[in-house]
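A short worksheet on the structure shown next.
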Amino acid sequence: MNSEVRTFGIAVILFLAAATLPLISSGYLLSIGVSIAVYTVLATSWTLFSGPTNYISLAVAAFFGIGMYVVAGGIDLLPFPVLVLIGAVVGALFSAIVGLATLRISGVYFVIFTLGLAELIRQVVSWGQATMGTSSGLYVLTDFTDPQIYWALLVLAAVVFLIGWWIGRSRLGFALRIIGNDEVVAVHSGINTARAKVILFVISCTFASITGALVAPRYSYVEPTIAFNPFISFQVVIMALLGGVHRLWGPLLGVIPFTILWELISANFPTQTTLLLGAAFLLIVYFIPHGIVGLIESGIQKWKGDQHG
Amino acid sequence: MEIIIIGLLLGGTYALMAMGLQLQYGVARIMNLANGEVLVAAAFGTFWFFSATQVSPFVALIGIVPLAFVVNWAIYRFLMLPLVKRAKNQGQLEVDSILATFGISFIFIGILLAVFGGDYLSYSYMASPVHLLGETYGLNRIAAFLGSAVLCVGLYVWLNRTRAGLTLRAVAVNPSAASLVSINVVNASALAFALGGAVTAAGGMMLSMFLTFDASLGVIFTLKALVIVIMGGVSDIRGAILAAFILGLTETVVAILVDPGLTLAAAYVLFLIILLVRPQGLFGRRTS
Amino acid sequence: MDNHVTTQPALSIQDVTRSFGGLVAVNNVSFDLHENEVIGLIGPNGSGKTTMMNLISGALKPNNGEIRLYGENIAGAPAADIAHRGVARTFQIVRMLPSLTVLENAEAGGVFGHAKMWGAELHDRARELLQRVGLEGIENRPVSTLTYIDQKRLELARALISDPKVLLLDEWLAGLNPSELRTGIALIEQLANEGRTIIIVEHVMDAIRSLCSRCVVMSSGVKIAEGGTAEVLADPEVIRAYLGDENA
């Protein structure tokens, strides 16, 4: 219990420190800060589901885009907070449908299904806009400033961490760890595996939708190719894997270095980003399969071993 | 009628593409998400060959197929095999191989972008119209269909009539039993993976005769091939061929009657129906 | 017959059939298991014993027939539901949860199944059962460090923690050396003395003799004998099934 209190204290201090960023910088640094906040929410919530279950979801962009599109489509009609709420509900409902259809079946089919989901929604939205004769782009004109968006994302990140912490201690979290280890044992232990997976998938995707909704004002002009950009999904997966998916704070350790590195890469090698993203995937799979957390933990273990030996 | 024939012609080429993935997934047990990029690379190669020489694209197969074979063999041998050996269970291998092939697909895209740029590429070959049952069709579509059909039949016969083909089918059914009757499962898997890549590349060459490609399209073809393989059943060639025709028809119907931008949506609807109604595939038996 | 006739059986298998393609793995099999009874389900390899266990626990669905747990038909119900109603099992090849500790492996059976515990109650019960099966003092070890028999013990603890109405042991004694075997048999004997209701699938005939009052014998998917253990094992047809026709 003592160590838990200490961890919580450290988390609060880090959170408050992060919250001071807009007071220090307003330009480039803040925009990187916003990116880090966005990907922290996305990668951490992704890991809530994909970490324990090993179901690799490539659908983050789809749900992120849904949230963004709800805000973009309704900004002239409804107040922003209401739209964020609607974005969350739409994302939750849609992810429940996807989860119910795909999570009862093997993990491979799930990956494939999520792989093209963002592209599918993009096609359908584009088609819908063309059929209804509306223009493909939407303007999101609000008076929200970057610091406000940043703080909103920080609060959201805190909520994700709290929920993740709660799940880790709950029956649901225990059920998912059992499912991730051996689904046969899970069902014979009385776990309704499909329900547990769908609940977590919905939680995870809902956060992606809220994130998309919150950052929509930053884009000021939204069209399907921006909102449903599959690269968002791929980057989230790679950041989470880089950090490590077996600890709640693992993805954060991947998000921070990767976002900064990626910022440098896309500034200096704008035409090589795809190639380098591929190389990053291979590097992680072959050389750091347990992520930075894995490196740290095995380092600590070795150090302890040396101490005793 | 026109829709049906165009759909069937497309389906024939899709069947070839899907057989490539089926060999890789069914025999070598690797879900290769870079499959579509191999197809696109072959299409680009054919484009380059045809633009440079003006010789029939079919001739390009002589170079493309062996090259794809070697590249895919190397991918299996040097990138997949370490994962197979490292994996503690099938689930771990699935996750690792999906992530690795995903990375490989990005590297393919990156190379294609660097070499050919990001534009849409197409060429015009045998574009003359053919009159068939009162409608006109591009000769290139018919040629692609016939070419695919020849290769599909050849592959089917090879798998069913030769010793090497039998070996692959044995590994597909049960790798551990196959190794008991002194089949080298690693070599058989590498062969299947390489052959699958070569077949997919041939499919890319066929499709390049009548479709327009850009470097980022690979994932769409990967998805289509996967939908066909899942619909047809992982180890059933007849099922895959039937499924390819169903997908070809569905896409053509949607493209002509609704909107050409919705072909992926059509594939997804088929995918969903299969997942909900017959997850074991059209001819597959439910296993447990 | 016997004095069980008036009471409802704990588990009643009625005309259960399951086939895979053309192969009928379980063909029209019926038998009853009474409360506080330990029966053996025996037969040569491939006779359908494990399929029968899978049908009872819900891993497989029968094509035909009824499986009644205290009168309620559970045939074809999802495996998780059957676990809720009080059927627990071990597996022919031991299944550990490798990233969980020994204690957590034991607890996995007690949260969602027939018994629903959490927190201190769950920890206490799991510790008690680990002690029961002989695994005290290693609660926080990773399971990968366990010997084979200890993994089997742990799997038994995971099944017992749900306080099952019916316990299915699928070759729980297989692969143990002679001294481990004695310990194992003694452990199951204790469970039997407590009044547990158990079906044992086993090839170790000494264990069947000492543990089971009654046996059901299957061969090629069909029930070929049922009755008191001693007389069933002396039945010429059972011997023939085990030894093969040419030796009879």
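Letters A, B and C name the chains as they come in the text, with residue numbers starting at 1 for each one.
Criterion: contacts are C-beta pairs under 8 Å (C-beta built on N, C-alpha and C of every residue); 3 or more make two chains touch, one makes a residue touch a chain.
Source: prediction; values computed, not measured.
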Leader among chain pairs (count of C-beta contacts): A-B
Identity of the chain that, by mean CA position, is farthest from subunit B: C
Centroid distance [mean C-alpha coordinates] between subunit B and subunit A, Å: 32
Separation of mean Cα positions, subunit C and subunit A [Å, integer]: 43
Between subunit C and subunit B, distance of the C-alpha-averaged centres to the nearest whole Å: 46
Where subunit A touches two or more other chains, by residue: none
For subunit C, residues that touch 2 or more chains besides their own: 59, 98
Subunit C-facing residues of subunit A, complex: 171, 174-175, 177-178, 180-182, 184-193, 246
In the complex with subunit B, residue positions of subunit A that touch it: 54, 56, 101-102, 105, 107-109, 111-113, 115-116, 119-120, 123-124, 126-127, 130-131, 230, 234, 237, 241, 271-272, 274-282, 284-286, 289
Subunit A-facing residues of subunit B, complex: 31, 33, 79, 82-83, 91-92, 94-96, 98-100, 102-111, 113-114, 219-220, 222-223, 226, 230, 259, 261-262, 264-265, 268, 271-272, 275-276, 279
In the complex with subunit A, residue positions of subunit C that touch it: 57-59, 78-80, 83-84, 88-89, 91, 95-100, 104, 107-109, 111-114, 118, 158, 162
